[in-house]
Structures are given as C-alpha cells and as structure tokens.
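In what follows, subunit A forms one complex with subunit B and a second complex with subunit C.
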Partner chain A sequence: MSKFKRDYKKHQDLPLMPITFVSSEENQTGFWKTFKPVLEKEKCIKCAICWKFCPEPAIDIGDDDYPTFRMEHCKGCGICANECPKDAIQMVMEEE
Partner chain B sequence: MVKMVISGNSASAYGSKLARAEVIAAYPITPQTSIIEKIASLVANGEFETQFVKVESEHSAMAACISASLTGARTYTASSSHGLLLMHEMLIWASGARTPVVMSNINRANGPPWSVWADQHDTMAQRDTGWMQIYCESNQEVLDSILMAYKVGESRDIMLPSMIIEDAFILSHTVEPVDMPDQSAVDDFLPAYDPEMKLDVDDPHGFGSLVMPEWYMEFRYKIAEAMDKTRDKLRDVQKDFESRFGRSYGGLMEFYECEDAEAVLVISGSVASTAKEVVDRMRSAGKKVGLARLRYFRPFPVDEVRWLAKNVNCIGIVDRSYCFGHGGPMAAEIYGALMPVADKPIVKNFIAGLGGRDLTPEVLERLYENMLAIRSGGVDMEIEWVDVKDGRGG
Partner chain C sequence: MMVKLTIPEEELMMPGHVGCLGCGATLAMRYTLKALGKRTIISVPACCWAVMPGVYPYMCLDIPMLYTAFEVTGASISGIRAALTAKGIDDITVVGWAGDGGTADIGIQALSGAVERGTDVMYIMYDNEAYMNTGIQRSSATPIGAWTTTTPVGTTQDWKRMPKKNMVDIMVAHKIPYTATMSVGYPEDMIKKLKKAKGIKGPKFIHIFAPCPTGWRLAPDKTIEIAKMATACGAFPLYEVENGVYKISRKPKELEPILPYLKMQGRFRHLPEDALDDIQTRVTKEWKQLLRLEEFTAGNE
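So, the complex of A and B:
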C-alpha cells in the first residue's frame, strides 16, 4: 500500500511532484509503431546488445539466450536493429 | 574553529565537505575547475567521504545530482558560464522534481567573444529555472551560504535547489582568511537530509511523470508557493546561523548607509565591497550616498526594494550583464517591484564591468556623482553603457 493518495481535489492534496501508480509494464505503447523488428536467428550471436539498448521493456532474453520482442511495448524505434553488431534484426513494415 | 587563507573555490569545496554532501557530480570548466580539483584531492586523501562522480558533461552532472537527490542523498555540483548554460534544461528539471541540489556557479562571461572573466550573464539567464540565487561578496560568504542553502532548500515546505554565486577570479581564485567552522557545530546546524518523498524499493513509483492540463498548473503553483516561502525561511535560517556562528549577511538585500542617503547604487557580487569603500570615502567628504547589495536575485527582494524606494529617491542599478532588447536584468526586476510604490524614485540603469572589465573605486565614484547630479538635474540617460569606447574620449 502506497503512502501517497490517489484522489486529488485541490493542490494541497498533491505530492510534491507527479508520481506514477502503475508500472511502465502497464503503459503499452506498441500501437505507435509503423515498423516492427524481426530477428534472423541464424545471424544472432546472443550478445544481448539489443536488450541493453531498448528504451522500453520491449525485449526479453529467453532461456535459450535469444531475444524475443514484446510487440505490445515495441514502438518500432529501430534502435535494436541499429545497434545489432551482426545485422540480425530487420525492421519490417507492419501489415494493416 | 580554524582560520584558513583560501580562495572562493576552496571555500566552495570545503562548504560541500562541511555540509557532508553525499553525491557530487561535476564537469570541469574555467574558472570553476579548482573546486572539483579540491574535492577530488580531499576524496583521494581520504578526508572527504562522498560519492564523487566524473561525468561527460554539465547536463549529465545535473542529471546525476537530481537522480541522487531523489534517492534521499545530499548533492553538490559546480559550474560556470557555458557549463551552466548547457545545464539549463536540467536546472528546470531539478526545481520541478523538488530536489534541493546545491551548486556553486562562478560568474563568467558567455561567448563569443570568448572570455573567462567576471560577468553575470550566465546566472541571470537562469532566472526562470526555479533556483534560489545567492550572489556572494566574500569567500566567507561563499562557504557560509552553502551551509545555509542546504538548510533552506531541504526544509520540507521548500524543497528547492540553490545556486551560490561567485565572481570569476575576483572571488574564485583570490585568497582571503576564512573561518572554518567545526564539523560538529555544522552537524548540529545542518542535520542529515531527510526528505518526505524519495525513491523507495518498498513503495515503488515513477517520479516526474506526465500530468494532464487539469493538474499541471497546480504542480507549478506549489513551486511558486514554496519559492515565496523561502523569503521568511532564509531569514530564519540566517538568524539561526548568526546565533551559532556569529556571522550575518543582511537577508535578501544588504543596506549600507542607505537610511539618509540621497543616492544609492544597487550592486551585487564582489563589486559591492569596492562600493562600500567608495561610500565611506564620499561620506567623509560630506556626500550622502549608500549601497544596496542585492544578495538574492531569486527569490527577488520585493519588500526590500520597496523599503529602499520609500527612503531614497535616487536609485542607480549597476548591472553586470545585459538583456538584449532592453535594459539590465536587475533593473528590470527592480522597476517591476516599484510599480505599486506611490512616490517613485529617480532611477537609472548602468551596464558596467561586462567580460571582467574592472569596476574600480574611481568608476563607481563617477557613477555616484552622476546619480547626485541627476537627482537635481534630471535623468540624462535611461540606460548607460559605462565607459564604452565611442571615439569621443573619456
């Protein structure tokens, strides 16, 4: 239970600065994207650089050490594809 | 208590040490560099236990201080001129995030023309960032102001950052005797930082998140309200400091021989020391002049300016920077504060000492004589660029 109130009626009720009450896990921005990342597994060396650079919780590293993309969070920014040292991620136009 | 003969920059470093700053993130820039060199050597010698973070820019330095402050750590940084300008975005973030970071800034001219000398353009350009600004006159005031700034800024009803400002080289690199208070006395005056709100793994929240238009104004109002409260708070803290350490600096604005003065100059920074000498010299020659030293630019000393206008009907404002378009920043603020005053004084704005040009006793005496002359003869110029070479001699 948080010590912060959630219902505000006047400025006196507010905390000093705005705070979130849910994790960014619940803030799904995947619908923003035009391009989606696609992994070419045979090129991937499991270095996890894509996971390190992803600014959203949009890449998981699975038990097999390969990245998987969480499309409900991926905005399609392409940072993973840019950073991949083996060119193993392609950005592909999403279909309607 | 020991007396040390040190520069303003050393006084800043010792101020952060006496305040037990827990995280210090800084990037070097002339003439601030010797502050962080001193801190680095204190840390390396094991005399100062702090997390000293070397960063890649001033923007990162302020970002690191804000983040550390949000975890409940007392933080310190220092910058100057272009470094401060690069911090601008994060300065606004620091006040919005209500992090009472304390930083030293060495007043240095902005380029081009490239310059490393004293000029207030860097800090005046940060007027709207939500930081308290304290313009110092001596190295002792630098050290003492750091201690007081933490106490004011960290009060739970304030929670705002402070900038302690020294003139380039005149304070930053000139040594003066400075009383170094005992650590135990400082600890009694300034207990550990204990914020109401901090990042807490047992109660996780994201801080500084998006707010819709229906609540944005209320958050900004809270900052405005807190900044207004700093006026009384800092007067109380200064009284407390004086009772413990025996030193006082005159609140938001220090008045020197103003009560019966016929003409007063408003000056900030170390030039005020020179002006006090000039006032003494002119007083002994029977000329009733005075000095109002502006210590705080934010919060602005509105009541003090109005008190001055009621006592003195001829006020010259010496700005060591210029707002291109119209007038110096101190003059603009003072004129604004004078609006509700019924009998307005004669005012004149001097732009002087930019880029480190010396403001000598002779220059200041001429400004005082000019004010005494326009008191009876009327204002000759609304804004005068003092001693700008225009080919007409002088």
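So, the complex of A and C:
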C-alpha cells in the first residue's frame, strides 16, 4: 500500500478529478477467509468448472490444466467446492 | 492449456474487490465483461457495484467505470453515447449497470426515457432482490414473502406482501428491440445472449439474476446452486424478447416444486403453509403465461 501513497504537498499536486489508478489486485482479500480450498489432484478431471464459477476470480488454470488457488485473494466462499462435479475440492479450516 | 473452456478466457475483472463471500453480482460483472470485451464503458449508480472496487485509489475493472447519481443511469448512458457519436466513435458498447433498486424503483424514469428515445445503449439490471448495499431494504423487485429489514417478520409478521415487479414486461411495453433475462447459474447462456445484444442497434435491457448470500440468509457456497434452482422451479425463468417475440431459453419439461428453493433461504423461513402454497400457485401461473406468450408471439417477427 505504502508505495502507492502519493506525495501530495500542495493542492496543485492533486489529480484534477477523483480518478482511480491502482489495481485492486494490491488489495489482498485473502485474510478474510475462514476456510481454504484444497485440491485433491487424483479426483480432479480438469473440467475448469471451479474456474468458471469463482466470483473473485482467484482460480487459475495452469499449463497442466489443474486449477491453482490464489490464496492471497481467495475469500474462501466455497463455491468451487460446492460446484465441483467430482468433489475434488475440500474446504478446510485455515490455521494461523 | 488443453482444457476446453466454455466461456471466454479473458478476465476484465480483477481480484481484490470487496464483494462479499460468494457474491452473485461480481460473477454477473465478470461474465458480462467476458462477453462485451474491452471496448466498453460502464456507468454505475449507487449500488453494490459502486463500492465493489474498494476504497480510493483502487479499481477492479480493466475498463472505464463512471459513477453517477442513483436515479440518472439512463440519462448518463444516453449522454455517454451522445458524446461518443459527437467524437465519431462507434465501436464502443455503452453499458448502464444498476441494481434492482436503481432500476425498478429509483432509476426507472431515466431508463424509460433512454429506451423511448431509442438510444443505442445496453442497460443491465443485476437483480439481488433488495437494496443490499445499504443493508437489505425492500425494493420493488423483492419477491413476495421475503423478509428484509424494512419488511420485518418478528412479532409484526410484516413480510413483503406484494409480488415482484416484472421489468422485462415494462421494457416490452416500450417496444424495445431486445430484452432478456439471464442468470449467473448459466454463464454460457448469459454470454451468448450478451453477445447477441451487443450486435443489436438501439436500446437493450438485460435482467441478470444475481443471488446475494448475505441478504438472502444463504450459505456463501450456494450462490450457483440457488441460481440454478430458481430457474428449474420457475421462480426466475430465462427468456428473451426480440421485437416483441418471446423465446424461452431454458424450458424444463416440468417445473420443480418451489418449496426446496424457498426452504434453502433464511429470508423465507417464517412463511406459513398457506403463504408457501400461494407462492407456488403464482409461480406456476406465471410460467404458464410465459409459455402462452411464447406460443402466441411465435413467428410474429
């Protein structure tokens, strides 16, 4: 966050209008979660349904076609686990 | 990547937004931008999406997003279109993105004006069935029987007694070229319809069903499940109306009973037996009416 804090000394330094300039990817919402998704690779059929229904989106489909979770953004809603046709994603309590 | 994706891969919505867990509105935006692409300007009044990007200076969309006052979405998109025409730009989709309160209650006159003038814009209402951003107050798109903070249950038993306002019917009465309902439970259908709407000149109205786990008193992982259930039981049928011709996009052979759909949500928990039966009767009646409308308008291009 600190590196985006702009040095406003005078009012002339302010932008002309309230305009956003930082991607929300800097905003790490991962700490919201209670449960985290864990993939069981043996069960996964690489259908990408979890990716399709992720509201963040915090799921990437890698080169090996398995989903990977961006834990720094995942809020742990559990939609991926609920929609997985093979129950390959489990929601487990996150530990400190 | 070998896997065959059923929806476009490009992401124009970035993670890190501040939507609640399992938010249906963010999914609606994600699919919409996948369908419409980068050449899009979006105008947003007060609604959940007005706070979704987070506090200044964060932004979670990769396209221009403009904040407007609650009641002027229709006027604002008309203005954006006029400005683009004046500048000679014609490859941009102008989208008004409002919640159900900002469309069915507060923004309806500006929307009506924009549609009547035949402005080439797309107006999208994402429907989470109450004013969710301000804390679950009743809107005219809240379904009958629902609890909200302004239709409290407790000792007064004062749940919403009026049925949901049908915005698509209102738009059909405007002789709109294209209007459709879609649901976050069916992203492929949603993207197909949005791409079709993008290619049509003139006003377009889109009604997206976006479940809100927080306001519906629902577990956050059930968003997609409840959206699919709503379509299967007829509570939210998916259809499109092109120049007055109705076409149902998803037609189950037989509607499922609405009871499991209602029982899953805490906002319907208080309903007595007769009220549940009443809702079932209404839904069946409306579904039959829709089937007849499709039959009646078929071939009437």
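Criterion: the second predicted complex is superposed on the first by the 76 of 96 C-alpha atoms of A that agree within 3 Å, B and C clash if a C-alpha of one lies under 4 Å from a C-alpha of the other, contacts with A are read in each partner's own complex, and residues count from 1 in each chain.
Assume a contact is a pair of C-beta atoms (placed from the backbone, for glycine too) under 8 Å apart; a residue touches a chain by one contact, two chains touch by 3 or more.
In this text the structure is predicted, and so the values were computed from the model without any measurement.
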item	value
Contacts of A:Cys50 with subunit B and subunit C, given as first, second, both or neither	neither
Partner chain in contact with A:Lys75 - subunit B first, subunit C second, else both or neither	second
Contacts of A:Ala58 with subunit B and subunit C, given as first, second, both or neither	second
Partner chain(s) touched by A:His11 [first = subunit B, second = subunit C, both, neither]	first
Touching partner for A:Thr20 - first (subunit B), second (subunit C), both, neither	both
Which of subunit B and subunit C A:Trp32 touches, first, second, both or neither	second
Partner touching more residues of subunit A, whether subunit B or subunit C	C
Where subunit A meets both subunit C and subunit B, residue numbers	4, 18, 20-21, 23-24
Subunit C - residues contacting subunit A, complex	1-3, 5-7, 11, 13-19, 21-24, 26-27, 30, 53-54, 56-60, 187, 213, 219-225
Subunit B residues within the subunit A interface of the complex	96-98, 159, 196-197, 203-211, 215, 218-219, 221-222
List of subunit A residues in touch with subunit B within their complex	2-4, 8, 10-11, 14-21, 23-24
Residues on subunit A engaged by subunit C in the complex (per definition of touch)	4, 18, 20-29, 32, 46-48, 51-53, 55-58, 61-63, 65, 70, 73, 75-79, 81-83, 91
